[in-house]
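Input: a single structure, listed below in structure tokens.
In this document, chain identifiers A, B, C, D and E correspond to the written order of the chains, with residue numbering beginning at 1 in each.
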Amino acid sequence: MSTATEQPRPTLSPAPKHYAEPKRRRRPLLPIFFWLVIGITMVPIAAMIVYSFNNAPTSRITFVWKGFTLYWYRNLTQLSGLTNAFVVSLEIAALSAIIAVVIGTPLAMSLARYRFWGRSALNSMVFLDIAAPSIVVGAASLSFFLSINLANGFTTILLVHIAFNIAYVVVVVRARLSGMGRELEDAASDLFANPWVAFMRVTLPLLVPGLIAAGLLAFAMSIDDYVITSFVAGPTVTFPLFVYGAAKVGLPPQVLCFGTIIFVVGLTVAIVNGLLNRRFAQTRAVTEDSLA
Amino acid sequence: MSTDQQLYGTDAVGDEAAEPAAIRLDGVSRHFGETIAVDSLHLELPPGEFFSLLGPSGCGKTTTLRMVGGFELPSAGTVYLDGRDVTGLPPYKRDVNTVFQSYALFPHLNVFENVAFGLRRRGRLDRDAVRRRVEENLELVGLAGFSKRRPTQISGGQAQRVALARALVNHPKVLLLDEPMGALDARIRKSMQVELKRIQREVGITFLYVTHDQSEAMAMSDRLAVMHSGHCEDMGPPVRVYDQPATRFTAEFLGSCNLLELTVDGGVARLADGTAVRMPDGGQVRSGSTLGIRPEKLLVGPVGSELGGVDANRLQATVTTATYLGASTEYELSAPWGERLGAFAQNLDPDARLQAGDPCEIVWDPAHSFLLAEDSV
Amino acid sequence: MSTDQQLYGTDAVGDEAAEPAAIRLDGVSRHFGETIAVDSLHLELPPGEFFSLLGPSGCGKTTTLRMVGGFELPSAGTVYLDGRDVTGLPPYKRDVNTVFQSYALFPHLNVFENVAFGLRRRGRLDRDAVRRRVEENLELVGLAGFSKRRPTQISGGQAQRVALARALVNHPKVLLLDEPMGALDARIRKSMQVELKRIQREVGITFLYVTHDQSEAMAMSDRLAVMHSGHCEDMGPPVRVYDQPATRFTAEFLGSCNLLELTVDGGVARLADGTAVRMPDGGQVRSGSTLGIRPEKLLVGPVGSELGGVDANRLQATVTTATYLGASTEYELSAPWGERLGAFAQNLDPDARLQAGDPCEIVWDPAHSFLLAEDSV
Amino acid sequence: GIRGTIGTAEQVNWHKYWAKQHKQGVLNFANWPLYIDQEHGHTKSLELFTKATGIKVNYQAVIQNNAPFYATIAPQLRAHENTGYDIVVITNGWELTEMINNGFLVELDHSRLPNFARYASRSVKNPNYDPGNRFTVVWQTGFTGIAYNSKIIDRPITSFKDLLDPKFKGHVGMMSDNTEVGSAGMLALGINPATSTPKDWKRAAEWLLKQRPLVSGYYDQSYIQYLENGDTWISQAWSGDVFQANASGYKHLKYVVPKEGQMIWHDNMMIPRQASHPVDALEWMNFYYTPKIAAIVEDWVNYVCPVPKAQQYVDKVLQDPAVANSPLVFPPKEIYRRSHNYALFGNYDVYQQWNDIFNPVIES
Amino acid sequence: MTAATIARPRPSRFRQWVSRHSVPYLLALPAGGWLIALFIIPLVSGLIVSLMTGNPDKGYTLTWNWSIYKDLFVGSNVSYITFLLRGLLYGGCATVLTILIGYPMAYYIAFRVQPRWKSPLLLLVLLSFFVSFVIRTDMWAFILADRGPFLNALRNAHIVSSGFHILGTPAAVIGGDTYNDLAFMVLPIYVALERIDPRMMEAAGDLYANRRQVFLRMVLPLSRSGIFAGVLLVLIDTVGDPVNASLLGGTGTYVIGQAIQDAYLTNQQFNVAAALSTVLLVVLGLLLFTYARIAGTENIEDLV
């Protein structure tokens, strides 16, 4: 207890966030409200999953329950348009996520690790990139591509998706880095590791969960984007664009199947990553505490 | 609870008839699942006393305090505040205030509003009265000019004073302090101790003070209790507890201590190498009981220096290490039978200090040593 | 830099001819925008020395260390290691290793890999050699069995040892330690100090040790430098610096200290109330210069007790507060002219202790006091 | 600056062009949703085509509306790049005119479209917007008239004037497409849209604004749902939708050809200029213009069939008299006589004028 | 200092300076360049295009036609101002709703559940994000359709009149916005609440504040930054959003987002579209800036 910190340090010494048994009485309003809202948010998801199994007569979803079937899953790829759209979305999401992580991580490092002229400008740019309304971003990008007479399509979608994914990657990775503290890199270079080796041997391994998280976030953001894409897509059709179009006249059941599949996959990935993070959490905690 | 009373011989239990104790814990326990944080604790604080809970980390000090403050409910036992059973009352219904280890100042309020918070909640005073009360309490802790500052704009020591004022302004019957100096550095800490003591004397209310720093506890308390894994090891005035600890744990926790095994033959107590030693008066020694001597009670000098009185105990030894600490020197000595002893000498002339390897003479007055019965060991 | 040498009278400067200093800082400065963290600092460490940088928070200790380690570039001045100018070299090209305040162990590597890290990077040894070196260094810090543990699975003290081993395993010419004990609690800290000193003696390499805990510095260092807002206030062996501090700051930083204004008339130095006082030998006193006496050098006794030698200085005073600290008692005394003095007495018999309000006699040997020229004040 | 469309057309020798092209076995077909036969997701017509010609069809229902779709492909067309489609289906209207005027379309080689010559109905040959079918052949024709809910409205509906009946306040549905709305307005005033002038348009707009308070909404393709569930009692409607509604159990919905007449429109197949499989596209057009295939498609789509001979096939082979005998699917001559074409917009400014007049009616 | 050590030449301080100081720029270059080229420049070019005149036939040329901003909102035959205000209104309502609904949820997770349950509950809140935005919006349209199971049930139970419908009403649009952005509000508020030291609340209790007062005087003020972050995210996202309006809305709920889309993607009035989006950006910027001033929130960047 004899460190010379002048400021009080609130996080030290175990402070129970919750009271263990014996409890004081509490009316269970909060939990009821919470679960009610959660329940409501589940409705459309449930509907999607349920109706993806509905044995609809026509190839539009209908309210009447005509019995359980796996038909739509078995004929998932029947609508070439839908399948193409989905594949395009996957490609763009994967590419944009990977590229965003690859070029976004260095930016995060320079923002988290160095003080330099123009840093705050960069920071605000990243912030603005997240904050700007997608309708504006989409419109602006389209005006840009029009003015340079670049025909819209797969490329333009990819370019723009990378642009907005960079911001998400930077935010996630930067948080991770500042959580890590630069001491470890100092230690590495003190132990004869040149900057590159220090990065490969120390920073990167500790960053991996952060990078995964960032990548997943970017992927999700990209595969789910409608507004921006709708401007720069040209004739290319992504999954959300297809769904939006089909929505006007009634969705084909396969859309729900794809939706359900995305849902299940995404959920599992998220849970796995969560567990991963939990494992890394302790290590991060240690480095953080030692900095306090 | 009788057993405890015999053991601790507390002097407070008798006079319930007169005026009720400011705080009384009656066999209070607190379990967290498996861990027993506090184990049927009995305490009794007469009004106006400065009482310290002293103990290693995790021994249950904070939990005890939190139960008095009403932040935890006891798993068993009763909490009385001047005679009234408050075991179930929520904090905001208790006439008690707390200074938290991390101060827990409200970051969104300035110093004045922080201090005024309690008064406003109670709403017994009009605005001016509140202002006056707050002003005078800031005065009291020597922060007259700081009303408008935000908690982020003041130093740790000042934050500490604000927390104190925020509690005192409500004139509580009892003030609870959980390691209030924990976050301060040695220097500020020292001055705050004096400050705190002064304030307590001025306002004259009961302080229940939690710390794991024994010198802090001894410097400030009228009485202190040494806690160990949830129960009370020893209780009494600092001098008594330091010079005549009831248990080995207390002896060692309150500062380093030489503990020597004794054997008895022919009614004479002897050390490991058979040297006969005089006992403190009234200590009836049995084989297997332990003799305790505090390092500062061991006088160390070059061989043949005539230290101590005629009836002092004497030993020959050699210095193994001498650590210079500025104001004093700490010696590690090896006794004839090989055991290591610690001694502690105030520095006067530099050349009088012994160096590692020097042979030396150790002397202590029997009255300065104490006995531990083996059962307490 | 000549001036500094006179001022510090360091003993290291002479023998450069023989072998180059392990570390030499030549007018090194470091600015961070406005703040001057380090201000043209001169240092010179002979090989094998245990040297401490001591100073309050923010005085530039860490920055100095970081410049030696190569983590910061000096704004001006030169850094020599082993006589070689390394001012511009990055850390990984310097034959220096650091024990960081927070240890900075690699959380994703186990203890063994942490320690092996440096050797692997240099790649001068084959796998077995590395294994042997790591094993023996873990041995050295007493963590033989811990190779497979992760940093999260060991205690603070152990982490500290790992950090030490990780640095030592590279056999650096110089070891830098930045408050290595900062995060440890008092008890472990004590044992680590002894441990560290032992290890330094065994490996015999130069230690540059940063701390703000003066007792730690004095206990361990061969020499220490007291830093204050970026420049060096005093430098020398602990005893010298403590007993004969060069400046007021040093005197007060190294432990509490009574500083008395002197006036001279008729060639005799007098205190505020005119009492004549004997000076330490060789101190030429001028009016306005200050007399310093450490509290432990002030003997306090009941009036008429025959303390001290014949040529000791004597004063009558009264006890204002007596703080019991177990091993010792701290007195606050009021001198006849009203000034407050601090005194410090080892506790022997409890009844010999003075209480607040008692009149008393203060005695000190002139040799135990020291003079500060007013310019240094 | 942003490049415009005018002057981007270049002279092409179409004989040379077609001489260079040959079949590649792939066809990218961009069409509207629910606009081709679907049986549990299988499209018989296309499967037959693939079986017959070995051309794999990549059918994409990506066209929601003419204008948006045209806007998405326009940049490519201007830049003379491939839009990725070999056939697109677009209604006669400004977008189509635009594409023809600017040379965004491949001139069809009718020597390879014998079936069109043989089977196509006179109504789809040599239309005013594409004389001689140089660039387009019709996919489906449709009528825009009035539909009403005979359960609620007991009196007969005969005229656009009925859309002005205060009794129907809040239950009148109109189209959100400004061409449809505008045309309806003019028919109501007895003006033939095909020959109308901006002055007529303004009068129509006034009539529509007068009617606005009665209107419950200006709907896109979802208008039919509002009719079916009774939210709207009377509405502007497309013949095919009403027919499908009748087929799926909403017998009480009646389609009326108002006495002022109705609008007729054609959705046309065409080949974008830089399409990479024009020969395959022609083969499909030719294949489609056979009674059998037209019938298969028609039996599901229920608009107006461009191939009269398909009627027998629907009747005899597909055993679907309801469709076969419907005057809406295989209309008699006099129905055509009472049908009017849309106004033709020579250039963008005219079209813009139209928008400026009619958008305020709809957008609000 | 032996002659040897003095004589040894020292490496150029300048070179080291450069080598050390160029690192951050090199690291920032790829992504920074990307953002400038494909985010900043487009934003600017959006402004430029808005100052062009022409039509898709003739093309558009830059004529610095500032008057377009006046023409759009003053005496235009299409009342864009209405669409803008409508967008702001819907966005505002949705934002308020997300606060009212999201705050209790965040509070529940932050203070009322055991630590090990927190991340699972957060995941629940985020669950809807695992379904494509358009799908989940359209599923609402599907469920709430006038002849859909939900309304039929209500009608059969005679809870609502046969004329009653949800789709096409502003309520539907606002509801959709609220549903889609709820998590954007819950997360930042949760983070802010997590930062509150529980002992702070105990201290309040210790100073005679009952639970209501603890909330009003401690928790709410301390979670302000979280609310601000939430408002930032939700408002920005909902004001411009065309999807909810067009899938759940009707003819009376036409908003600025749709106007921009139609101007670009239907009528090809590039200059109009660009102008509208520029206006939207500016209006939102001003709104949030003033709010930041009022709420006195420090450094907005931290919130993301």
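Here is the rule we go by: contacts are C-beta pairs under 8 Å (C-beta built on N, C-alpha and C of every residue); 3 or more make two chains touch, one makes a residue touch a chain.
Quantities reported herein were computed from a predicted structural model and do not represent experimental measurements.
**Q** List every chain that touches both chain D and chain E.
**A** Both-contact set = A.
**Q** By C-alpha centroids, what is the most central chain here?
**A** A
**Q** Which chain lies the greatest distance away from chain C when centres are computed from Cα atoms alone?
**A** D
**Q** So which chain is farthest from chain B, going by the mean of the CA atoms in each chain?
**A** Ranked by distance of C-alpha centres from chain B, the top chain is D.
**Q** Report which interface contains more C-beta contacts, comparing A-C against A-E.
**A** Spelling it out, more C-beta pairs touch across A-E than across the other pair.
**Q** Rounded to a whole Å, what is the gap between the Cα centroids of chain A and chain D?
**A** 42
**Q** Which integer distance in Å separates the CA centroid of chain B from that of chain E?
**A** 55
**Q** Chain B to chain D: how many Å between their CA centres?
**A** 93
**Q** Going by the contact rule already set, what residues in chain B reach two or more other chains?
**A** Where chain B meets two or more other chains at a single residue, that happens at 90, 102, 104-105, 185-186.
**Q** Could you tell me which residues belong to chain D and also touch two or more other chains?
**A** 1-3, 72
**Q** Going by the touch rule set out above, which residues of chain A reach two or more other chains?
**A** 1-4, 6, 10, 16, 146-147
**Q** Using the touch definition up top, name the residues of chain B that touch chain E in the complex.
**A** For chain B paired with chain E, touching residues are 69-71, 90-92, 96-98, 100, 102, 104-108, 117-118, 121-122, 166-167, 170.
**Q** List the residues on chain E that touch chain A in their complex, please.
**A** Chain E reaches chain A through residues 21, 23-28, 30-32, 34-36, 38-43, 45-46, 48-50, 101, 104-105, 107-109, 111-115, 119, 121, 123-136, 138-143, 145, 147-149, 179, 182, 197-199, 232-233, 236-237, 239-243, 247, 257, 260-261, 264-265, 270, 273-274, 276-278, 280-281, 284, 300-301, 304.
**Q** Using the touch rule from the top, collect the residues of chain A that touch chain C in their complex.
**A** Within the complex, chain A contacts chain C at residues 1-4, 6, 181, 183-184, 186-194, 197-198, 201-202, 205-206, 282-284, 286-287, 290-291.
**Q** Could you pull out which chain A residues touch chain E in their complex?
**A** 10-11, 15-18, 26, 30-31, 33-34, 37-38, 40-45, 47-48, 51, 61, 63, 103-104, 106-107, 109-111, 113-114, 116, 119, 122-137, 139-144, 146-147, 159-160, 162-164, 166-167, 170-171, 195, 220, 223-224, 226-227, 230-231, 239-240, 243-244, 247, 251, 255-256, 259, 262-263, 266-267, 270-271, 274, 278
**Q** Where on chain E is chain B touching in the complex?
**A** 197, 199-200, 202-210, 213, 217-218, 221-222, 224
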